[in-house]
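In the part that follows, the structures are each spelled out as structure tokens.
Each of the next two complexes has chain A plus one other chain: chain B in the first, chain C in the second.
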Partner chain A sequence: MIQLCSNDDPPVSFTVPRKAVELSKTIKTMLEDLEGFDMEQTPIPLPNVDAPTLELIVKWVEQHQDDPPPVEKPRVEDDDSDDSDADDDQEPEVVIPEWDKKFLPTDDEQKNQLFKLLNAANYLEIKPLLDIGCKYVADKISGQTVEWVRDYLNMENDYTPEEEAKLKEEIAWAEGL
Partner chain B sequence: MSVATLEAEVARLQVENDRLKHTLPDFTERIVCGKSTGRLPGNSPKQFSQLPDRPLEQVLRFLPAHQVVKMRLVSRRFNSLIKKCSKTMPKKECNGSVLFEINLTGQLTVDWFDDSSSKITTTKLAGDEVTLSELLRFIRISGRLYFSHGLSAADKVLDQLCKAWLTIRPEMVIFTGNLSHTSRDSLKAFLRKVEPSIRWLHFQNACNIADSLLNDDVIGAAGCLVGLMIKPVCYGTELPNFTIGDNTLLAMVDADHVPSYLYFMGCSGITPGGIRAFIQKWMNKWMKKGEPKAGANSTDYRHRYECDWCKLTFYKCANVTPAAVEEACGDLLKKDSRMGVPNRAMNDRVWFTASCCSNKRRLDIRFNAYVSAECCVFV
Partner chain C sequence: MNVYSTESLDANVCTTDIGDDHADDTGVQVRSSSRCIDVAEASTSEPVDATLQNGHAESAAEETDCSIAEMPFEVLAEIFARLELKERCAASEVCRRWYAILTDGSAPLDDVVVINLFERGIWKGHVSDNAGSRIRCLALKHAEGLSSVLRHVRVTNSVKIWFKHADFARNML
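Entry: the complex of A and B
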């Protein structure tokens, strides 16, 4: 068993089976690097994850510890000078399983918790969790207006009116798609 | 143990505890990240915009293409992220036709047509405010590309279409406009970009094509084609003189590929000997078509019937005259006659018919191949 500690003061500790915790590529790499140390006696502090978020992470990895490993694809870095055919290699379709639908903090008042979960999944490199969280957010904002999206994501419009008008003109063609 | 001793021990332990509390996160950060600690965001985000780029990109990738384009309006960060990652963002498929035109005032318009040639929409691009490459970031073009009226295939257009982040996979490219502002380098780079998908290439009634624009090297950048038409508009007695020769002609046919039509106008490098070599390669391709592969076993007998045709047209090509072609290829091309060529390996017959029509400056060679036989089917 591995102990994970949140960034709270005092930290909150969770004990997780090693198989489950290794769904996090970050922690798995760390454990492999520290082979020989008695990691079961050494709590692993996670400086970017608070207790409620860590609790969700633990719950998710315990639920999915027996899932087949996801197919790893090299990450494509976007670069205008790169003339590769990466554009044909689109992301596979992601379907959110029923258990995960209930698991994700999807109420509007839990929105920030969802964003914290995405941040933690990204930091801990738990790709399947990141995928379903991002898919949920994408489904939520799909078909909505720009103003609605800004409101849902708590984002401010940082364009000047002139810049916004120019950009609107630039992407007007997209309405016909 | 005295109280004072105990207090001293508690104080020591407190100091030790504080030291460990400070040391452990540093130690962990070094190991956990394996990289500089700058990679980690300092605090858990309370807003979506505080997330690192990766989750944001991932959300955008799950959106439909038109929605991704609209998301550029959300914030500056979204805009820059979407542009940066456009290569892997969802793209709208455009399988119909895309027509570029530049009118007399210099305005570039892009017309979009669906599979059934119905116009979907027209996009007008004013000046340099909106660049073509930005327009096409989120569209995957296949189908047909027309460069129509005006300077629609000018370097400034072709260079934008060659941007690495754009996906253009047209099956057919037609140049019909004014090519006076098109350079050989830009055209070659464009043809090289579309080479994986292009099957038909037309310079059809295009005007102001400099003789130096088209040569074997430029056409070769498009690879093996099913159809090639070099048919510029000529005024008066003006004759084009492209340095396109037998290399281009022969590159269009090989063991795995035969073209359907090739139309050459003003291509002075094509010779009757090259035409003969082309016809022989085309016939050999047919002769070998029915031969079994090494190690194959016959499994069935059935009636086989196949036909194919190819049309070569030479117009105003200095070295291609009916008399010269008759002399070089007369034994292969019998006017309005049938020629049976036995294929002994399959005990069937390949029939070629060839017709040569000619007038003052134009020679059409159309030849058909028919295979009709009871034959073995090999697997």
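Entry: the complex of A and C
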């Protein structure tokens, strides 16, 4: 078992099976680098992750610890020599599994939590979690107006009215797509 | 950019390579190695508590306001990678940072291979015959669209343009 500590004061610590925690590439690499130290006794501080977010991360990795590892695409070194393989290279469409759909903090008042989770998944390099989270956000903002997206994501419009008008003109053609 | 004419006018084929940069890869490597150092220091020399209290508590409090505006570039790039051109255009209107990320080639619109301009017949008669390849076809009714497409892709030679009117080719080139 491995202990993970949140960045709160005092830190909140979670005990997680090593197998689950290794879904995080960041932690996996770290554990490999620290081979020889007794990591069971050494809590790992995560300076970028608060307790509620870490709790979600722990829940997710425990749920998915027995998933088959994602198939790493063999990197074709000589891209030009074999173009016929190019099709197989495409990323498969991410489908959010049922459990994950319920797991993602998607209520409106939980938006900040969702973003913190994405940040943490990125920092900890948990690619499948980052994938489904990003897929969720991408689906959510697809087909929405710019104003809606800004509002949903609490973003400021930092364009001047002139710039905005110019940009609108620049992409006006896209309306017809 | 490869330009194809169906009228075999002056069959201009020009190839431009903007350069496929691997900045992302290096960025990731640097980042993960510095993470390892952090942790190694924390777990070997300093007591863990000291690291944890080292100012992180305050930043945690501020972070309760976490918004997507402070999202790291990698996360945004992952989100944008799942948007189609129309949605990317809309997203570039949201704020300056998004526009920059969407158009600087680091989160490119990949695998746009064929743009079918103006004439549906061209797609029917010529391009779809080459099916089997997963070609993303964009029908652009206006030439202005092309510059937007080019802003959203990483390398211009991933874009092929089919056209019928000589004037169009002259204007674009």
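Rule of thumb we're sticking to: the second predicted complex is superposed on the first by the 157 of 177 C-alpha atoms of A that agree within 3 Å, B and C clash if a C-alpha of one lies under 4 Å from a C-alpha of the other, contacts with A are read in each partner's own complex, and residues count from 1 in each chain.
Note that in this section a contact is a pair of C-beta atoms (placed from the backbone, for glycine too) under 8 Å apart; a residue touches a chain by one contact, two chains touch by 3 or more.
Keep in mind that this is a model prediction, so the values were computed, not measured.
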{"item": "Superposed partners chain B and chain C on chain A - clash or fit", "value": "clash"}
{"item": "Chain B versus chain C as contact partner of A:Gln63, first or second or both or neither", "value": "neither"}
{"item": "Which of chain B and chain C A:Thr106 touches, first, second, both or neither", "value": "neither"}
{"item": "First, second, both or neither for A:Phe37, with chain B first and chain C second", "value": "second"}
{"item": "Which of chain B and chain C A:Pro47 touches, first, second, both or neither", "value": "both"}
{"item": "First, second, both or neither for A:Lys166, with chain B first and chain C second", "value": "first"}
{"item": "Partner chain in contact with A:Asp8 - chain B first, chain C second, else both or neither", "value": "second"}
{"item": "Residues on chain A lying within both footprints (that of chain B and that of chain C)", "value": "7, 26, 29-30, 33-34, 44-45, 47, 50, 86-87, 90, 94, 112, 115-116, 118-119, 122-123, 130-131, 134-135, 137-139, 141-143, 146, 149-150, 153-159, 164, 167-168, 170-171, 173-174, 176-177"}
{"item": "List of chain A residues in touch with chain B within their complex", "value": "7, 26-27, 29-30, 33-34, 44-50, 53, 76, 78, 80-83, 86-91, 94, 112, 115-116, 118-123, 130-131, 133-135, 137-139, 141-143, 146, 149-150, 153-159, 164, 166-171, 173-177"}
{"item": "Residues on chain B engaged by chain A in the complex (per definition of touch)", "value": "24-25, 28-29, 31-34, 40-52, 54-55, 58-67, 69-76, 78-79, 84-88, 90-92, 112, 120-121, 123, 129-130, 134-135, 138-140, 163-165, 167"}
{"item": "Residues on chain A engaged by chain C in the complex (per definition of touch)", "value": "5-9, 11, 25-26, 29-30, 33-34, 37, 39, 42-45, 47, 50, 86-87, 90, 94, 112, 115-116, 118-119, 122-123, 125, 130-131, 134-135, 137-139, 141-146, 149-150, 153-159, 164, 167-168, 170-174, 176-177"}
{"item": "List of chain C residues in touch with chain A within their complex", "value": "32, 35-36, 38-40, 42-44, 48-49, 51-53, 56-57, 59-60, 63-69, 71-72, 74-75, 78-87, 89-97, 99, 111, 133-134, 138-142, 144-145, 148"}
